[in-house]
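One chain, subunit A, links the two complexes that follow: it is found with subunit B in the first and with subunit C in the second.
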Partner chain A sequence: MGTQHELIDVFVWNEDITLNNTEQFRKAMAKFIQNPAEYLILNMEQVKYINSAGLGIIADSVMTARKQRKELVIAGIQDSLQEIFHIVKFASFIKLFATEEDAINYFYGE
Partner chain B sequence: MEDVVIRRNITVMVDSDIMKAMDITEQIASEMGFLPRECLFLRLATEEACMNAYEYCQKTNQLPFEVFWTCEKEKLMIVVKQHGKKFDITRRDVVNKGLRGRGLQLIIHIVDHVYLEQKGNNVLFYMCKYKDH
Partner chain C sequence: MIHKLLQKAKKDKNISLNELLQLIDEWNTFYNKADQAYWLVNLAERRFIFVSPSCEKICGVPPEVFYRDVEAWKKVIHPEDREKVQKRRSVLWKGSSFEDEYRIIHQQDGTVRWVLDQTFPTFDENGKLAMLSGVVTDITEIRKMREKLLLAEKVYEHVPHAVLITDENGLIQFINPAFTEITGYGAEAIGLSLDFLHSGYYNENFYQTIRKTVIEKGQWRGRLRGRRKNGEVYVQQTTITAIHDEEGRPIFYLFIFSENGETITSLKDDLKLAQEVQKRVLSKPLKTESIDIYGMYVPSEELGGDMYAWYQIDNDRYGIFLMDVMGHGVAASLICMSVRSLLNGVIRKCIYPKEVFHELNKHMRLLYHEDGRMNTYYFTAVYVMVNTKKRFIEYASAGHPPGFLFHKDGLVEELDRGCAPIGLLSYLHVETGKLNYTPGATLVLYSDGVIEEANHSVRANIEMFREKLKSFIHLESRSMIAHMNKMFKEEYQFIDDISLVVAKLH
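What follows is the complex of A and B.
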């Protein structure tokens, strides 16, 4: 489920991430970061819950993308997700945005 | 001690039991009057504690393990009892860019107090959360 904005590709994940779907999320992210687009946005607007395995997949995807000279950012971070990301200090090495539009503007330098 | 009530317990053998444990935490926390946000976070602490125990017990062929919930008026205690020895629960606020190692970090932030107790061949991991409203 992706939306193309020229060099930007957006992947929308809209389920809470628990032990039930961690593997599905891992595979989806592995596929997403192989995308030819240089700028990648993971939209988590509908997600309220993420376990540590899901957090690890995001961190690893960000670092893998970086090695491939791409940038993966996270958009649509609200309420509980924001607090979870704060606990694990994601903001110190991942760009986080409240909306997808904010993330797109970041890549367009606006 | 009279107002301490053991509300529930569950034996975890397969990963679907962990989902049940998460549901039980959320249900008890909600009944005790914790806010929806707190219930969600307690659910997360339960998943993380159970996954840590599950992975360890699976690797060492020591499944199943047990989860207990005890409630007092203002305090919920979630206890994970597994075979094995005490493990490190030191709080570490480091930036982790890797795949693993955030479970305990989440638990320690979510609950008010964590501690371990060794009882024979079992180690009990206690997570306490107080109502603050």
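What follows is the complex of A and C.
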């Protein structure tokens, strides 16, 4: 599922995050964070909804990555998800990008 | 009986043997004991002197066969029982009578029947065994009933439901082991009336109604609280059924208590109690010259994670807080209560949104994240510090849907500054907002239950909710909430908890 860009690793999650797949999402994210790449991009282009447990998993992943001196960002955020992220103020601790390309540029630009 | 008749015959020489047999046969006919056959054997001559004609009905063999063949009965006995019967009959030679139940095979239809065989020895003047007489009774039906009874008894013994049976006067006749297990009462309950089980929760009227229903309709079903021997109260799904005799008179009352009902309903009772506790910790309406705060909380089916509270900090300042824990259930409710217990101290000590949230975040991280296991427990919250003297509010929203400040001139401001939900991150970067107001402004805080209509985006729902509020904004806080409550009931399906706080700023 991941696409390699040398130091960057992209993980694409392509379904809404609900009660039914929260655990899968948790496991997938835990695995993704363990990736050797320094820059991690979670691509959520196909996601229109995320439940509160899903938000918790993302927040945890961000913190875990940070401890390992990695950075996790989210790309491909659609309007509906944007609203949710705005309400929960995710922008205060995780970078959010409209497209995967923007995210990659952010890492390369550093 | 035959024995006595024979003795009488011996004393009274005027009765001939034939006359005697006639008499026995007449008796037999008279009583019409089709399921009983009498017989008489002369041992010296090894022949039947008499066999009732009813024997044919019992075993399918007519009397003539017995008159011809004294061993005929042996062939009728079920092969598996023959040896056992033969052995037991040997007591006759010692002068004792014989009585046993065994199986025979009906010689005409091949069915297996159960009989009660009662045989009596008769002695001559020299004390020598001379005759055998007896009665054979078909007890197949009785056996069947006994088996049914045994079956019923075993069923009562092994069902997990408690069973109790009273007679028509309500005195206990029977209880099963499950009843003893649930209530603690054993055999000592037999013969008592049911009063000792009464829990004290109901008045006599209630029991009267149950009695009336059982008598008139034959059955009553419902939840009953009872009292265990050790004084504890239990809740049981109870079915009371009247059992009638053939004439329709009630002879027994059968009580079945369902164990499943107990655990589920008592758990439900516990949840209800917890909900009640949760409701009671919510702040009561507060009304001063400068502010008028009113709140409402509609819990969902489960235990919810919503909570609101407000405090007067000093003469001019008030702190208003509303939170919503992620998820429902016991864990969410516990988090709510633990925050509630801290809140008063935290708000009075910290006063400002930034400090209040930092303090609460510390608490959440300490309590629920220290071991790294409960890493998905967090809550969203909004905290507003109102300064009624200088007429401004300072607020922060921790991942919470934006509250509204409705100004008198129709302008609505959203309380959308803040930070991530509390407990999610080890350090919170809190951005606070400050809004001025003039008398007549209204502050509205709510939980996301009110904006969870499925078919629209979150933003659209927030805006729809704001418009609905607008139509009642001119009302006092209390009536505004009453109207909103009515609207929720009419238009919303309650999936989540709903809480709403309205503060009128004068």
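Convention: the second predicted complex is superposed on the first by the 109 of 110 C-alpha atoms of A that agree within 3 Å, B and C clash if a C-alpha of one lies under 4 Å from a C-alpha of the other, contacts with A are read in each partner's own complex, and residues count from 1 in each chain.
Just so it is clear, a contact is a pair of C-beta atoms (placed from the backbone, for glycine too) under 8 Å apart; a residue touches a chain by one contact, two chains touch by 3 or more.
Being a predicted model, the structure only gives us computed values, none of them experimental.
Legend: residue contacts after superposition of the two complexes on their common chain; A:Asp60 is shown touching both subunit B and subunit C. Legend: residue contacts after superposition of the two complexes on their common chain; A:Ser92 is shown touching both subunit B and subunit C. With both structures placed on the common chain, the touch criterion links A:Thr18 to subunit B but leaves subunit C unconnected. Of the two partners, subunit B and subunit C, it is B that touches more residues of subunit A. For the contact definition in use here, the residues of subunit A common to its subunit B contact set and its subunit C contact set are 52-53, 55-57, 59-60, 63, 79-80, 83-84, 87-89, 92-93. Against subunit B, in their complex, subunit A makes its touches with residues 18-20, 48-49, 51-53, 55-57, 59-60, 62-63, 79-80, 83-84, 87-89, 92-93. Within the complex formed with subunit A, the subunit C residues making contact are 326-327, 375-378, 380, 397-402, 416, 418-421, 424-426, 429, 431, 457-459. Within the complex formed with subunit A, the residues of subunit B that make contact are 15, 18-19, 22, 37, 40-41, 43-44, 47-48, 51, 93-103, 105-106, 109.
Contact residues on subunit A toward subunit C in their complex (touch as defined above): 52-53, 55-57, 59-60, 63, 79-80, 83-84, 86-90, 92-93.
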